[in-house]
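The two complexes that follow have chain A in common; it is paired with chain B in the first and with chain C in the second.
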Partner chain A sequence: MKMSQHPLVMIGLVAAVTLAGRALPTWTLSLATIAASNALIALGIVVLARTGNVSFGQGLFFAAGGYGVALIANAWGLTDAVAQVIVGAACGGLLGLVIGPLIARYSGIFFGMLTLALSMVFYGALVKSTALGGSDGFNVGRPSLFGMSFTDPREADFMLYAVSVIVTGFAGIAATILFRSEFGLASLAVRENNLRVEYLGLSANRIISINFLIAAIFAGASGAFALMAQRHIDPQFAYWTTSGEFVFVAVLAGNQSVAAVFVASMALELVRSFSNLYLPNTWQLVLGVFLLGVILFLPHGIGSLWIRDRRKRRISATAPLTAERGAAP
Partner chain B sequence: MDRLWRTNRAVLFASVAATSLGLAVPASAQETFKLGIVTFLSGPAADSFGVPARNGAQFVIDQLNKGSVPSPYEKVGFGGMKIEPVIIDENGGATKQVQELRNLYQRDNVDVVLGYISSGDCLAVAPIAEELKKMLVLMDCGTPRIFEEAKYNYVFRTAAHATMDNVGLVRYMKAKNIKMESLSAINQDYAWGQDSRADFVAAAQQLYPNVKVQTDLLPKYGAGQYGTEISALVGAGSDVVYSSLWGGDLQAFILQSVPRGLSKRSQLVFSAADHVLPPLGDKMPDGTILGARGAYGLMSQKSPLNDWLFKGYEAANGVYPVQAAYRSTQSILGLKAAVEKAMSKNGGKKPSTDEMVAAMTGLEWPSPGGLIQMKLADGHQAIQPIAFSRTKYNPDLKRVDLVDIEYFAAECVNPPPGVKSIDWIKGGMQGAKCN
Partner chain C sequence: MNPVLSVRRLEKRFGAVVAADALTLDVPAGQKISLIGANGAGKTTFVNMVTGYLKPDSGTILLDGIDIGKRSPRSAAQLGISRSFQIPQLFVELTAAENLTVAISGIGTRMSLRAPAEAQGRRDKAVELLERFGLADLADRPISELAGGVRKLIDIAMALVRRPRLLLLDEPTSGVSAEEKFSTMDRVIRAVAQDAATIVFVEHDMEIVSRYADRVVAFYQGRILADGVPAEVLNNQEVRRYVTGGAR
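Here is the complex of A and B:
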């Protein structure tokens, strides 16, 4: 095991990033909160992509987490940030538990289209439900933490930043451990050849279902963060462009490095925000050129910037491990 | 090494020059007012609302900075401070808008943010501005829910909400003796369409107690194709067909329904349609009843202020101003009135957010579309007069003229303070002051 992937080193890194928030300017805090939340859901997509399936409908679980938290917060006054993340993850996870086994029987484009379709069905139902504010959505109060409420905007932003960075960081550490585990390697094998996996006595459906469930839990928790950061929810959470954006983050990051997901997500938010400020009429063009540039010049994602050298060394040393490289299609 | 020294020297010289220049200029003249403006520059609402609103804002800010706006707005900029606009795009959903609002206040240090056309965006950004204790002026969004479901101190809306669009429309039909025993409706299946439909039907049931609702259609937003819907509407043959469609959807609906004779069978009434008149031209059937969400554009009343906007905007943009341009104009003029009122109280200093908020609460100011009064929601929500009319194509000018214009006072079509809009309509519109 390399030093940089030792769990203690990674925990230290998460703590350092969290504390760095004390020094960051206020506007970066909320931007980083959104970036961490997007990174969490993109991480789920990367987890799922290791089985060879891409979900274009993660917005479904994102919205389920968000709406679940929002409704419970408004009905029972649950404002604790950590509790809201758990509720969001549970809502996403429950839905994933129902949908995962059904959808695991499909693969490739059928899998992608079915997830997309399900999220759009949810979107359609939300738009029609005037009790939930229809397409305009509704607002929720601001979150608290362990009974403390934050009235100073900077402290409130830092609290959210800290919670989202820590949760996303731990999800990242869990994913790194998962990727190296027997189960994680079996997931890669499903992508390569699921028939052979079945001959080995493993159930490919089960492996996909479990990965799907993990992605759904991450998406639900991410929905809770997005809700806490903006205090407003609308059906746009489940819309296909929202899901598409998460896939974009995953593509930008590549699936070689968990840290790349966070870097990619932050880079995307920064490029979008500054292009919107300086080029309000052509910001989509700037965003598109940025994405195109990354895809053209870094086909394995932003992660290949710092993974490349290590990989070369590893390939020459241990040939069988090439599978772990697991480049996204 | 030598070159490095030379560049360093140049930088040093430049910074010394800049500092001394800065010292030479008096501090007051240097002071500017940074105004964040958020409007649709891309997406489906850009052409109909976002870009006209941006053009209106740009025109007014240029004129204010030159000091060439008629009375009572002759002062340069806001109380002598030049206005420095920061314009950003509203497209991209509420998540992005919340983030960009924070960036405007916290990173770009704007003094006030003004804008927002989508109701969903308005609902999302209002609590954020309140938390950051920064002033936010909503210029256009329609939903009454913003101030009916929450209380805000730092948030204002300088235009009436959507209730008057439909209450006024039904009042106009009653005033013009339009027969309405049966009614059909086509509205987009999202909050604006659903709410407009509910308001119109409720108001119609008050003034036309015997009205029967026949075909009630809710195609999806951005559908663009209305073949089957038009068949249903033609088949129903109701006296009146109501719609709150707007932009490209409304144009498509009109272009597809006219050849099939819908406008001959039924009286078409549109709650917010003036913005499609310039692009449609002679394709717009004569005799259609429509509103503009205010006394705007071709329905505006003559005044020096209105002449200034109408002619100046037309000269600058090659097309006459419609509702969105009027709405951005009236919100900037209102903010100017508030800033100057605050400055007259604090001795001419640049006012703080709290001073501006206090000045804006309950304010009244003249605008090209009539008098704006911040009467609802404890002085945070405006009411304004509204006009309705019929279309008539004018072949000489090659444009659609609006005839039979009728004006309704603000208090005739808006609910009184403290009453929810839909309850007010269903309760028989108690307390309405019509002349």
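Here is the complex of A and C:
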């Protein structure tokens, strides 16, 4: 195991990033909170993408998490940030548990379109639901933490930043362990040849369903963060452009590295913020050019910057061996 | 002795094409049986039905007395049927050892979401399997960089992971050069012998058939044309006319 992938090192890194928030300016705190929240849901998309399936409808679970938390917060006065994240993850997870096994039998574009269709059905239902505020949505109160309320905006922002960085960081550690596990390897095998996986006695559908469930849990928790940051929820959470944004982060990151998801999410937020600031009328163009640049020069995502080097090193260590067996056909 | 595989009146049609026409066949334990026949004779359809990829229109397939005719490939694999493919079905972006590791993961009842894929026990087993085929030094090479013959052997090694009762090999020497075909087949037979699996292999090369098969079953238009020891079947007039074309 690489030193940088040791859980204790990763926990230390999460602690350092959390404490660094004390030194960051306030505007950076909210930007980093959004980046961490987006990274969490994009991480779920990456987990799922390792099976060869991309969800274009993660907004469904994002909204389920957000609405679940908002309804419980307003009905029972649940304001604790950690509890809200758990409730959001549970709402997303429950929905993923129902939908995952049904959708796992599809693949490729059908899988993507089905997820998109389901999220848009949910969006339509939310818009029509007057009890949930229709297209306007509704507001929720300020979150607390372990009984402490934060009236100072800077402290409230830091609390949210800290919770989002810690939760997303731990999700990243869990994903790193998952990627290295035998389940993670089998997920890559499903992406390449799911029929062969079945011939080996493994269930490709089950592997996809479990990855789908993990992605749904991450999306639900991310929805809770978005709710806490905005203190407002509306059907836009489930809209296809919201889902598309998360796929955008996942494409930028690639599916080879967990760290790349965080880098990609932060990079996207920075590009968006600065292009919005300096080029308010053409910021979407800047974003598009940025994505094109990554696709052209890093087709396997930002993560390929360091993963590619590792693979090259491993191959060069055994290079003489193929010469005598002949080259690949 | 009860047969490992017992097939009774197996039928399969694709529209007007009869791929299996009342096939009846017993495969005793420990035999090496070669299926021969021209293209479209029904050999691969037979293999696909036995391994659960295709469902027969009628008839029964019994593995150790258990009806597997309606089972999926996964279920058939769990019951002890493994196969290799005419075109190796490997995970080309993974290394040889990782391919074997995925196969090893299929043995347990549930996969770990935590235990590293490259845990020493699993890695040792993967390398040991590659060693049987003389490929241990290629363990860390991605499949995409390996030659066709090597891929073929790794495909067979993956099929052996579950220590199957019945191993079906679809053209194990196709794509292998004439100089290497016997050495390749020697490696396969030697590696499989350690698990004492029963082997059914589809083959077009009559030199391979006569050298390695205990028994030959000749297919023609979905029917069994002849069934017996190699010398007898390969000299059969109908087999010479419809299958081997007077080869040998």
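Methods note: the second predicted complex is superposed on the first by the 315 of 329 C-alpha atoms of A that agree within 3 Å, B and C clash if a C-alpha of one lies under 4 Å from a C-alpha of the other, contacts with A are read in each partner's own complex, and residues count from 1 in each chain.
Note that contacts are C-beta pairs under 8 Å (C-beta built on N, C-alpha and C of every residue); 3 or more make two chains touch, one makes a residue touch a chain.
Everything numeric here is computed off the predicted structure, so don't read it as measured data.
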Does chain B (first) or chain C (second) touch A:Pro25, or do both, or does neither? first
Pick one for A:Asp234: touches chain B only (first), chain C only (second), both, or neither. first
Of the two partner chains, chain B (first) and chain C (second), which one does A:Thr79 touch, if any: first, second, both, or neither? neither
Please indicate which partner A:Val127 is in contact with in the superposed arrangement: first for chain B, second for chain C, both, or neither. first
Touching A:Ser107 in the superposition: chain B (first), chain C (second), both, neither? neither
Chain A-touching residues of chain B, taken from the complex the two chains share: 41-42, 86-89, 93-96, 98-100, 102-103, 106-108, 119-120, 123-124, 126-128, 131-133, 143, 145, 149-150, 189-191, 194, 221
Report the residues of chain A in contact with chain C in the complex, numbered from low to high. 1, 177-178, 180-186, 188-189, 192-193, 195-203, 207, 210, 314-315, 317-318, 321-322, 325-329
Would you mind writing out the residues of chain C in touch with chain A in their complex? 51, 53, 72-74, 77-78, 82-83, 89-94, 98-99, 101-103, 105-107, 111-119, 122, 137-138, 140-142, 144-150, 158, 161-162, 175
Using the touch definition up top, name the residues of chain A that touch chain B in the complex. 25-27, 30-31, 34, 127-128, 130, 133-139, 142, 153, 156, 226, 229-232, 234, 236, 239, 241-242, 269, 272-273, 276-277, 280-281, 283-284
